[in-house]
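Dropping the structures in below, format is structure tokens.
The same chain A turns up in both complexes below, where it pairs with chain B and then with chain C.
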Partner chain A sequence: MTVAAGIGYALLALGPSLSLFVSVISKKPFLILTVLSSTLLWLTSLIVLSALWRGFLPLKSTSWWPYGLLIFTSVAFQEGLRVFVWKGYMRLEDILNTFADKVSKPRLYLTDKMQIALAGGLGHGVAHAVFFCLSLLTPAFGPATFFVDRCSQIPFFLVSAIIALAFVTIHTFSMVIAFSGYAEGNKVDQFFVPVVHLVAGMVTLINFASGGCVIGIPLLYFIAILTLIHCGRMVWRRLIGNGRTQGNL
Partner chain B sequence: LILLNFGTSGQLDSMESVPDLQKAMYKFIDGYPCVRLLNLSGVIGCSNPGREMVVAPIVSYRSDKELSQSSAVLVSLDEIESFFTKIRNDSSFARNIAGVIVESGIEIQKNLKGFSPTQKFPQAEFAPYQTTNYEWNPIGSGIMWNEYNFPVFLLSESGTVTLLEAATKNEKSNKAYIADVAEFDLVMQTTKAGTHDSESCLKEGTCLPLGGYRTRTLIDSGDCVGSVWSSLPPINVSSTDQSRPVLLTVASMDSASFFRDKSLGADSPFSGLIALLAAIDALSFIDGLDDLKKQLVFIVFTGEAWGYLGSRRFLFELDLQSDAVGGLNNSLIEMVLEIGSVGKGFNQGVNKFYAHEAGVSSATNETLDALKYAQESLDSEHIIISPANASNPGIPPSSLMAFLRKNSITSGLVLEDFDSVFSNNFYHSHLDNISNINSSAVVAAASLVARTLYILASGDTNISSSTLTAINVNVSLVEELMDCLLGCDPGLSCELVKNYITPSTTCPSYYVGVMLDEPSSTPYLGAVADISRFLWNFLADRTSIPSKNGSSACSQGCSKNEVCIRAEADGKGVCAISTTRYVPAYSTRLKFESGIWTVLPPNSSDPMGMSDPVWTESNWNAIGLRVYTVQDPGYDRLVLLGGISVTVLAYVAIVITRAFITKALKRD
Partner chain C sequence: MESSILESIGVDIIGVMSPVSICMLLVVFLVYSLSPSSPFSSSSTPLRTAANLVYLETPSDSAAQKLEGALLNALVFVILIALVTFLLVVLYYYNFTNFLKNYMRFSAFFVLATMGGSIFLSIIQQFSIPIDSITCFLLLFNFTVVGVLSVFSGGIPILFRQAYMVSLGIIVAAWFAKLPEWTTWVLLVALAVYDLVAVLAPGGPLKLLVELASNRDDELPALVYEARPTVLGNTENRGSSLGVLVGGVSDSGSVELQAVQRDNLNQTEGGNRSDSEYTAVEVLRFRDEDESGRDEGESSPLVGYSREKYSPSSEIVGIFNDCSCCI
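For the complex of A and B:
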């Protein structure tokens, strides 16, 4: 498939992350640090999951439920980890605010908190893309392409990149929704994220069916767009609503 | 990566790592190549046209269909001759041939009547008679003697299945932007260097001469193959009474084919070799061989298929009285009996063989009489030996030709299973395998030869039948030799071979190979080919008499007339008295000097050398064939464009959103 195609697939999966990084994250060193540590943390979580499941793999099963179980446990683990991340973030916020008070600088604004959440989510998304897409991409730089029997219309690497892009979107914006939900105590937002993560994971099981990727991938993008819209609405509500409240004050 | 199937359209025959994915994408195909060979006037064989790999979509050959683009053509074995004829005659068809892949299959083999890619009179230029247009091998198409500027591979059975699938996929596929392609790596150094004949390529060091030294296989095990000779009983070299006349019995151990690594030669010449080995085995049990009037000497040549290299070099060394042939006096050779192809002699319950005489002399008449006498003693075995048709122009292609060209009054006889025309329909092809011969014919020939040799050596015209009936060929030995030397199961890892040597391969192939090192009569044994080492040990074992000090281990070294037998098998080996030696086999027109091979000018004292094409094989780095799916370059560019546009669009969207939020915040 050559170098051109290899770069193309890499950009498909991680291009938007790169754009986000360049336009938003790179302006603030703290956010860069957040992205890096978040990527590291979530990569570690994926490695731990691999280690835990190593003994049971490969799952030589024709039915979908062992894979369903695999996805369920992995999602549960990651969502549990997210709560810990939130707790860690709370402590970090306190430290930062205390420091700001000490040097007579303003405390974290809502936009700052959202940007930190965004950086955290971006780290999660990049970890997913690296683990599930980039690591397989090396053969794509050679002359051959590859088609999987159950999805014979689209090259394997293209499928991998598209799915990775969807998950990057979901993870990036999920973190913003989750942090907002924990901060406000909004149950809807708090449950939205794990449910969306689980549903997205399960939707990929549709790809096991022959020709399933034709249905599975659009469904996955539907979920990604849903996440994006929900995040947008939440941000709008909090920022603009917040502004109005502040303005009224 | 363990969760590779997670979130992808995973296959249940799952890959567990990126190397697995790579293996699934690029399928290496088991195949046998046709390589580039050179002679003094030009080249033959196959090569990639340049320094690069050849990549082309796979297409099945159909005689009525034209090729629309440069393709890798998949040809069935029964169409191969018409295919190559079409290439010669139709240049527009030939232009679109990027590479050729030949199918393999037991079914095809069963239905094929014959296939011989060599000439109709193989090695006619060496014949000791003028009728060089006589067709010993009428089926011969001569395709292996042409030059092809594209790679040609023969597939294994598994490879055939893969490629047929790929060809069908290409045909059925309605997507124009993907195709299954074959990538050929058959880059030959002589093509890269532009040296197109033996002399220039030897000078530039881009090729090596054919001969009994190193066979480069694709899994380079670096084997040397040399001729082996042995005498029964051992010649007492120190004794001055060396005047017993010698009966030389000859066979050969190399074959040729269009595909370098698939030269089995079951009928031609291995059936003769196996018959010889069985005859020697039968004779080794007879007492009193020392008291016979004549000395029996056996020799197995290699390189015979490529200009009678073994026999010519042997005669050359004999003239020089070199170490390799120490103990043998040229003038004492009374008679040369060659055992040619004997494996197809069995027909409707009768084993029929033909004796091709080289001229008429008292020695050949004596041999014919001995053969008849032996035949009578083997009455129950339904063996018939007849002299060859008098209208034949002379002896068939055989090592005896080298003896006759050297000395036209040599008395000699070639034993074959055919009269005027080869009965082997797969002469010098990759299909001359074990299914092409019959063990009972080999056993019959071995019995005939064993008893004939005894009769001749005793010089007695009236031997008692009881003496002769004691000479019996071991039928199970013949069958074991056939299974070991002509098949892959058990192949060279069989008990018989492992008893003498530690084989490096299981599946045998008897292409003569190239000479890498300096020729010597005492080669470094680690570099000698399995077949030569096996023959040497087998012959040494059968012709030996126990050492004077009892059977001592070789660890303390063996004394002067002794050799170390089974050195590899038990790890120690046993010393025994035997005259068994290796003889290098390479062209008499070549000389190895300070690390370079040079071609000597033709010499009238070496008439065969004057017609010797001096075959060399081009050097090569790696040879292989792989198959993978390729997509149109336009598609690749589209993907790159897609990736870039997604990135840019995302950037634009983020910038707009940020501006929007900032403005909205400011507004409030």
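For the complex of A and C:
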């Protein structure tokens, strides 16, 4: 596709994360570092998964269940990794709090913790968008564009950009939900995130059917909006509830 | 609500990481957009530079030949750089400061004008930008002169200086990308190793240079990237409330940071000593891996701060002096 269209697709997938980055993350250098390390971590998880699945790929199958298995194992691995990230974050929090005590500054506020979680999620989302959308765009510059048979109404790159946007949203905010769930011990939040991730992954299988992306993509966006609303309600509840105690947890 | 620590942690790392990342990103864009569309349309004769004095790589050689040739190239290049750095140390030792300063200015001018100009021309060619030669020359000249001024004299905003340091890195990196493949990779590794040795080993030229400079309390006329360290409000005084500060090193008299506090007046009789110690807090090192075409040494601004200990019974008034670091 042309350069202008390419930039358009890239901004479609990464525009909201760019504005999130500029408005929230870029103000605090530590959050920039968090975004970068979580991006790296997510990419590493992809490398490990591809190493594990190397022997079975490419899946020359017309039925959907090998792909379903692939998605299931990948999501399970990444959700397991999220627990490790949480444990690493606990240690990081201790280090930061000790440092804060040493320089006689207040300990981490609740908003700080949520911002770190947001930065972590954003790193995951950006890595997903770069890997699953931008990497398709860069070799494809030129005068023409490409349509897929099973989703022939819009160009293939546009479809991948739209799907990437949904996943960026899901990744970014599920990290906030997950960390809050682990911190509070809230089982609903803790199970919400892996379930949502798995369902979102499985919903993309609908795109295999001819004309399936007309159903699959709105469903995906429904899940993304659900994640957003749940995260918003959870943050509201915690902040208002903690408003009396100076916002410190 | 007091500001949390999240505001200030990691500033130094980001201050060094962001120019490096921007430089790398722009080099990738530049090389990607300037690379020939077909692999066979490259120039028929590869350029002979200091990096392939010994061996000119051609695609038809065997892997072993290429590796051997690349190693020889890298060896010759590193030896060349080491020789010139030692020459620089000798010149600095014998106080040829003016010559060094002028040579630095000349070399920055040269790099920006010729190497930058050549890249500029390639961009114009690649994207068929309609621009005439006089305008192009004027623009290039302005770019070069402002670059030399911002890097070597004061009064120019720090952002310009940082931007020009990054563009110097981009230009040199883009030029190094024109070298043949094997030579590039081996050269990269060889320069990294040389860097480590030159800076850390006891006889290394860069280490000697830094030691000479710090012994004379002087700053090197070198291409230094300043990430503008933040001020640490360090109040460890037991007595009086006059705090201490960090002197930011900037060159040629323009002080952009704070003054260094010195105890001048001693109002009580009898010796009330106040020691002021200079401790080097942080040595910011910015070394772009691709910046190897420069034969001048580089060092880093030594950020020193003085700590004054007051004895509790004294009343000492400190006078703020402007600290202008000489260059």
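As a convention for this text, the second predicted complex is superposed on the first by the 241 of 249 C-alpha atoms of A that agree within 3 Å, B and C clash if a C-alpha of one lies under 4 Å from a C-alpha of the other, contacts with A are read in each partner's own complex, and residues count from 1 in each chain.
One rule holds for everything that comes next: a residue touches a chain if its C-beta (ideal position, glycine included) is under 8 Å from a C-beta of that chain, and two chains touch if they have at least 3 such contacts.
What you see is a predicted model; the values in this text were computed from it and never measured.
Trainee: Looking at the superposed three-chain arrangement on chain A, would you call chain B and chain C a clash or a fit?
Mentor: fit
Trainee: Once the shared chain is lined up, is A:29 touching chain B (first), chain C (second), both, or neither of them?
Mentor: It touches chain C, and chain B stays clear.
Trainee: Give the angle at the C-alpha centre of chain A formed by the C-alpha centres of chain B and chain C in the superposed arrangement, rounded to the nearest 10 degrees.
Mentor: Taking the centre of chain A as apex, the angle works out to 80 degrees.
Trainee: If you stack the two complexes on chain A, which partner ends up touching A:5: first (chain B), second (chain C), both, or neither?
Mentor: first
Trainee: For A:136, decide between first (touching chain B), second (touching chain C), both and neither.
Mentor: first
Trainee: Which of the two partners, first being chain B and second being chain C, lies in contact with A:108: first, second, both, or neither?
Mentor: The answer is second: A:108 touches chain C but not chain B.
Trainee: If you tally the residues of chain A touched by each partner, is the higher count for chain B or for chain C?
Mentor: B
Trainee: In the overlaid three-chain picture, which partner chain does A:167 touch, first (chain B) or second (chain C), both, or neither?
Mentor: So A:167 only meets chain B here.
Trainee: Per the contact definition in the header, classify A:100: touching chain B only (first), chain C only (second), both, or neither.
Mentor: Only chain C is touched by A:100; chain B is not.
Trainee: Chain B to chain C: minimum CA distance in the overlay, Å?
Mentor: 10
Trainee: Name the residues of chain A shared by its contacts with chain B and its contacts with chain C.
Mentor: In chain A, residues 246-247 are touched by chain B and also by chain C.
Trainee: In the complex formed with chain A, which residues of chain B make contact?
Mentor: Counting only chain B, the residues touching chain A are 1-12, 14, 16, 18, 21-22, 24-26, 55, 178, 183, 628-631, 633, 635-644, 646-648, 650-651, 654-655, 658, 661, 664-665, 668.
Trainee: Write out the stretch or stretches of chain A touching chain B in their complex.
Mentor: On the chain A side, the touching residues are 1-2, 4-5, 7-12, 15-16, 18-20, 22-24, 46, 49-50, 53-54, 57-60, 62, 67, 70-71, 74, 111, 131-132, 135-136, 138-139, 142-151, 155-156, 158-161, 163, 165, 167, 201, 204, 207-208, 212-213, 216, 235-236, 239-240, 243-244, 246-247.
Trainee: In the complex, go through chain A and note every residue touching chain C.
Mentor: Within the complex, chain A touches chain C at residues 27-33, 96, 99-100, 103, 105-106, 108-109, 112, 115-116, 246-247.
Trainee: Which stretch or stretches of chain C touch chain A in the complex?
Mentor: 1-7, 9-11, 13-15
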